[in-house]
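Got some structures for you, see below.
After this come two complexes, each holding chain A, first together with chain B and then together with chain C.
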Partner chain A sequence: MKTVGLPKGLLYYRYETLWKSFFKALNVPVMVSEESNLLLLEKGKKKSIDEACLSLKLFIGHVESLKNKCDYVLVPRIYSLEKDEQVCTNFNCLYDLIKNVYPELNILNYNIDVKHHKSEKKAFIAMGNTLGFSKLKSKKAYAFAKSQEKIEKEKKEQNQNIKLKTNKKKILILGHPYNTKDCLIGKSITDFLSNYPVEIIYSDIFNEKLVNKYAKKISPKVHWTMNKELLASFMYYKDKVDGVIVISAFPCGPDSLTNEMILRKKANAKVLLLTFEELNSNIALLTRLESFLDMLKGGIHL
Partner chain B sequence: MKGYIGIDIGSISTKGVIINEDEKIIASSYLWTEGNPVLAVKKVLKELRQQIDEEIINIVAVGTTGSARKLIGTMLGATVIKNEITAHAIGTLSLHKDVRTIIEIGGQDSKIILLEDGVVTDYAMNTLCAAGTGSFLSSQAKRLGIRVEDFGEIALTSKHPTNIAARCTVFAESDLVHKLQMGYSQKDIIAGLCNSVAQNYLNNVAKGKKLESPIIFQGGVSKNIGVKTAFEKILNEKVITDENGHLMGALGCAILAMKKNVERPFSFNVSNSDFETKAVECKGCPNHCEVIVVKKDGEKLDSWGNRCDKGSYFK
Partner chain C sequence: MKEIIAFPHLGSYCHPIKRLLKNTTNQKVMDTPQITKKTINMGSKYSPDSVCVPFKYNLGNYIEALEQGATVLIQAGGGCRYRYYAEVQETILRDLGYEFKFIQIIGKSHLRLNEIYKLLKKLNPKLKKRKLIHELITTFFYIKYLDKIEELIRERIGFEEKKNSFIKLKNNFLKEADKTKGFLSLKRCFFKYKRKIKKVKINKPKNCIKVGIIGELYTAMEPFSTYELEKMLASYHVEIKRFTNLTYLLWKKALFAPYIKWKSKRYCKYKLGADGLDNVYRTLWLSKHKFDGIIHTKPTGCTPEIGAIPIIMRVAKEKKMPIIFLSFDEQTSNEGLKTRIEAFYDLLSIRKEEENERIHRN
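For the complex of A and B:
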C-alpha cells in the first residue's frame, strides 16, 4: 500500500482528524513529519523567497523532510471555504508553489473552492480517485472522517468548557492553530505558561455555528474566513478569560488587519500581541510574558 | 541595619541602589554598560560600597532587573530576578503612590505602564524597532555634531519646530538631511526631533491608551527637557520627571528583594571573583540550542538557553 506523507504545518493543524480518519477508512498508511525544529526551518528558508511568512517557511521545511520517505505528500489547494470569502493567498497557491519548488515530488492534491461550487466532499472524492478508490468508497471514507472530526471537536469543546469554569486564571491563546501549536512558535509560549497556575484556552476550539454571530460584533463583514473565526473567537472568549495572548507569524497580511481590530476593540480585555519572525533569542519574549503574567495577578506579587 | 541591593542592567546604562528597611535609597550608582554587563556591575558594586558603612549596613538580599538580569542575578546570587515592567512600576509606586501613567524611554526600549490604585492595569513595549528611543536621538546628535545632553536646552529656544517624520529611523534621517539642506535652522530641527520622539511614542507605544494624570516620565530620554516639553504640549497635561527617575528599576527590584523575605549572604568581594561566560552550541537534537554557561573562578554557576534537559550538562 502506498504511504501518504502529511507535512506538520499550516492546514495540518486544522484538518488533522479529518485527514487521518479519511486515510484510515481507506486503509492508506500515513506518515506525519517530525515536530518543527530549527534545522527544518533552515531548510525551509533556503527554499522560500524572503517575503514568505514564517509558517510557510516551516511548511516547506516539513515537505522537504518527507521527501523520498513516502509515496505521496498531501498538499491541498484551498481557494475559498465560504461563499464571498477568501483564505490567505498562501493556501491558494500552496500546491503550485510546492510543485515548483519540488518538481519531482509526487503531490497528492485536493482542491476546495466553495465560491465556484467545488466543495470539500467533491474534493475528497477526487482525492480518493487519485489513490485508486471508487467514488462510493471515498464517499464513505469522507463521511466517516467527517463524523470523527465532529466527535473530536465536541470533545475538545467540552474539555475547554470545563477549563473555563475553574477558579484558576485563564489565558486565551489566540492565533492560527498552525502558529499556536507549532513547537517553535506558540508551543514555546504554552510550555512557559504551563509552569504557572494558569488554564490555557485555545481560540480554535470554538463552536463553528457561533462564528458569524460573534464576528459581526466586531465588524459587519470580514473577508478572510480563517481570520473571521479568530475575531469571533476573541469576541466570544474575551470576557470569559483573564488575559489574551495573540500570536502571529511575520509577515501575515490578514493578521495585520485583524490584530489591529482586536487591539482597537478590546475594551477592557488584557491583550498581549506577540509576533514571531526569526527564532533565535527568547529573552525579549520572556520579558513580555513575565510582565503580562505579573499584571494579570494584579497587585505586587513576587 | 539590613540593606538591600537592586541592580538594573540595561543595554546602555547600569544602575544600582542600596536601600534600607524603610525603602529609602542610601547609596546609588549610574554608569554606562559599554557592552560589558559583568564589568559594569563590578564597578557599580564598588561605587555602592564606598557610599555605605559596612559596619552598620548588612546586605542581606539582592534583586536584579534589565536585559542582563539573569546573568547578573546568577553572578550575585540574587533572590529576585524580575522583568523591567514590574520593577519600574514598583519602584515608581514607592515614591509616587498616586501615579497613573509611567512613560519610559530608554536606550532601545520604550514602554508605557498604566496603573490604577497601585496596580498595573495595562502596559505596552515598543516592538523590536528602536525608532524614537535614546539611541535614535544620540545618532542624530552625532550627525549634527552636538552633544545629546544639550539637545533639550537647544530645542527650547526654537519657536518654529520643523516637522520630521520619525516613524522609522531611516526615513527620519533622510528627512533630517533633506531639511538641513533646505536651510532650516539647527535649533528648529532639534526641536522637531524632540517633538517627533514624543509623537512617535504616542502613536506607537501608547496607541489607543488613555494617559491619565499624574504622568511620570522616566528613562534616559526623560533627562531631555525638549522631549518632556513636547509631551506636555501634545498631552496638555503636566509631565513629572524625577531626578532619580533613572533609578526606578533598580529601586523596584531592591524593594522586591526586601519583600520576598529571603535572605542570602552577600559579600562585596564578589567583584574580585573572576566571571567567565561562554556560549556552547548543543548538538543533541536538530534545534541546536545555544547554551550560555556562566562560571565563577572556573566553576560552573548556571547555564541556560536550552530548550530541553540535554543542554544542562555542559561544563
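For the complex of A and C:
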C-alpha cells in the first residue's frame, strides 16, 4: 500500500482530523512529518524566496523532510471556501509552488473552489480516484471523515466552554491555527503560559454558525474566510476573557490588515500583538509576555 | 452644496476617471495633489507596518485630498489585499478625525453595472442608466486610446532625437481629449495624435535592446512608486514592453484567462491568484519573442507575486532569460535602483554583443 505524507504546516492544523480519518477509512497508511524545528526552517529558507512568510517557509521545510520517505505528499490547493470569499493567495498557488520547487516530487492534490462550483466533497472524491479507489468508496470515506471531524469539534467546544467558566485568568490565543500550534511559533507561548495559573482559550475552537453574525460587528466587508473566522472569534471571546494575545507570522498578507482592524476596534479589550520572524531565541518574547501577564494581574507587585 | 470627489492617483488614468465622474455625478471632482515624498511619508505614518506600499500611497493621497476639502472618497477593489483596502482606510481616516463619504466601486470580485449605477445614484439622484452606459463606454475607449498611445511611446521613447518630444505630445493629447464631448471627437483626437507620434523622428537601430516589464499592477502603472523606472530605462536607449494597463485589467484579463492557463500548463495547473499566472505566461511570451531581459516589479510583501516568483524563476532559468526582481517600499531614494538597473543593462548589452558576434562569425 502506498503511504501518504502529511506535511505538518499550514492547512494540516485545520484539516487534521478530516485528512487522517479519510485515509483511515480507505486503509491508506499515513505519515506525518516531525514537529517543526530550526533545522527544518533552515531547509525551508533555502528553498524559498526571502520575502515569503514564515509559515510558508516552514511548510516547504516539512515537504522537504518528507521528500524521500513516502510515495505521495499531500498538498491541497484552495481558492475559495465560501461563495464571494477568498483565502490568502498563498493557498491559491501552494500546489504549483511546491511542484515547481520539487519537480520530481509525487504530489497528491485536491482543489477546492466553491466560487467555480468545485466543492470539498468533489475534491475528496477526485483525490480518492487518484489513489485508485472507486467513487462510492471515497464518498463513504469522506462522509465518515466529516462525521469524525464534527464529533472532534464538538468535543473541543465543550472543553473550551468548561474552561471559560473557571475563575482563573483567561487568555485568548488569537491567530491562524498553523501559527498558534506550531512548535516554533505559537507553542513557545502556550508552553510558557502553562507555567502560570491561567487558562488558555484557542480562537480556532469556535462555532462556525456564529461566524457571520460576529464578523459583521467588527468588519462587514472582510473577504478572507480564515481571517473572518479570526475576527468573529475575537468579537465573541473579547468580553469573556481577560487578555488577548494576537499571533501572526511575518509578513502575513491578510493579517497585516485584519490585525489593524482588531487594534483599532478592540475598545476595552487588552491586546498584545506578537509578530514572529525567523528568530532563533525567544527571550525578547518572554519579557513581553511576562509584562503582559503582570498587566493582567493589575500592576507589578513588588 | 456641491460635494467634492477625490480618488487616489494611478499614473495618468486620473484623466479618464475624472471625466467619467464629472459627467455622471455633476459634482465637483478634485485633482488629487500629485504624489510627492510628503504623500508617502504621511501615508506610511498612519498605515500598518507590514502592509504593501500601494495602501500607503493611497492613504497619503486621501489625507492630502481631505486637507484640501474633499468630501467624497472613491476606492476600487481587486483580487488580493486590494479588495479589503477600502474598509481599513476608511477606519483609519475616521480615527484621524476626518468627515467624508467613502465609496467602494468593486465591493465584490467583479465589476457590475447595476452596482456602479446604485453607487453613483447616491451622488447624483438624477442620473439615468442610459447616460451612465454612454459615459462608461466613452471612458473605456478613452482608457484604451490612452494605453495605445502609451504603448506607442514606450516603443520609441528611448530613441527620440529631440528630448521630451513624446511626453509633450502625450500631455497635449490628454489636454485635448479631456475637452472632447462625444465619442467621435475623442476618436478623431486619438488618430490625430497617433499620426503625430508616428511622425516624430527617431533613430532606432534594428537590433536594439528590448526589455519587458512584468509584475504587480500598481508598481507597473504608477511611475512614482518605481522612481520612474521607465524613464530611467529610456535614458539607456532601450525599447520597453509593458503588459499591465487598465485595458488589460478591465476586460482583456478575463477574456484571455483560459488561453493563458492553457499556454502555461507546463508549469502551472491552477490559477495563482491576482496576476500570478499572467506573469508566468508573460515570461514565456517574452522569451518566445526574443526579448533580451525581463524586469519584475512588485511592492514589498505582495503575496500573489511571492507565490509566483519561484515559478517565474524556474521558467526564466529554463528559457535562459536574464531576469531581475525589484521590490519597492516607501523609501524614495533611487540610487540603489540606478546601480542595479545599470548592472542589468551592462549584462544585457554584453549578451547582445556576444550574440551579434556569433551571427557574424557564422
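Operating definition for what follows: the second predicted complex is superposed on the first by the 299 of 302 C-alpha atoms of A that agree within 3 Å, B and C clash if a C-alpha of one lies under 4 Å from a C-alpha of the other, contacts with A are read in each partner's own complex, and residues count from 1 in each chain.
Definition applied: a residue touches a chain if its C-beta (ideal position, glycine included) is under 8 Å from a C-beta of that chain, and two chains touch if they have at least 3 such contacts.
Only a predicted model underlies this, so the values are computations on that prediction, with no experimental measurement involved.
Undergrad: Could you classify chain B and chain C on chain A, in the superposed arrangement, as clash or fit?
TA: fit
Undergrad: More residues of chain A in touch with chain C or with chain B?
TA: C
Undergrad: Pick one for A:Ile162: touches chain B only (first), chain C only (second), both, or neither.
TA: A:Ile162 sits against neither chain B nor chain C.
Undergrad: After superposition on the shared chain, which partner residues are touched by A:Ser48: those of chain B (first), chain C (second), both, or neither?
TA: second
Undergrad: Check the residue A:Thr287 against both partner chains and state whether it touches chain B (first), chain C (second), both, or neither.
TA: A:Thr287: touches chain B, not chain C.
Undergrad: One more residue to check, A:Leu136. First (chain B), second (chain C), both or neither?
TA: Neither partner.
Undergrad: In the overlaid three-chain picture, which partner chain does A:Arg264 touch, first (chain B) or second (chain C), both, or neither?
TA: Both partners, chain B and chain C.
Undergrad: Using the superposition on chain A described above, determine whether A:Pro254 touches chain B (first), chain C (second), both, or neither.
TA: A:Pro254 sits against chain C, while chain B stays out of touch.
Undergrad: Between chain B (first) and chain C (second), which, if any, makes contact with A:Leu38: first, second, both or neither?
TA: first
Undergrad: Pick one for A:Gly298: touches chain B only (first), chain C only (second), both, or neither.
TA: A:Gly298 sits against chain B, while chain C stays out of touch.
Undergrad: Would you please give the vertex angle at the Cα centre of chain A, with arms pointing to the Cα centres of chain B and chain C, as a multiple of 10°?
TA: Once the two structures are overlaid, it is 80 degrees.
Undergrad: Once both complexes sit on top of each other, what is the least C-alpha distance from chain B to chain C, rounded to whole angstrom?
TA: Minimum over all C-alpha pairs: 6 Å.
Undergrad: With the touch criterion stated at the top, can you tell me which chain A residues are shared between the chain B interface and the chain C interface?
TA: Common interface on chain A, chain B vs chain C: 264, 275.
Undergrad: Please name which positions on chain A make contact with chain C in the complex.
TA: So the residues of chain A touching chain C come out as 48-49, 51-53, 77, 79, 84, 86, 88-90, 92-97, 99-101, 109, 111, 115, 219-224, 250-254, 256-261, 264-265, 275.
Undergrad: Inside the complex, what are the residues of chain A that reach chain B?
TA: 37-40, 188, 263-264, 270, 275, 280, 283-284, 286-288, 290-291, 294-295, 298-300, 302
Undergrad: Sort out for me which residues of chain C touch chain A in the complex.
TA: 47-52, 55, 79-81, 83-88, 91-92, 95, 104, 107-109, 267-274, 276, 300-301, 303-304, 306-311, 313-314, 327
Undergrad: Given the complex with chain A, which residues does chain B contribute to the contact?
TA: By the definition above, chain B touches chain A via 67, 70, 80, 82-86, 90, 93, 118-123, 125, 127-128, 207-208, 256, 259-260, 285-288, 290, 307.
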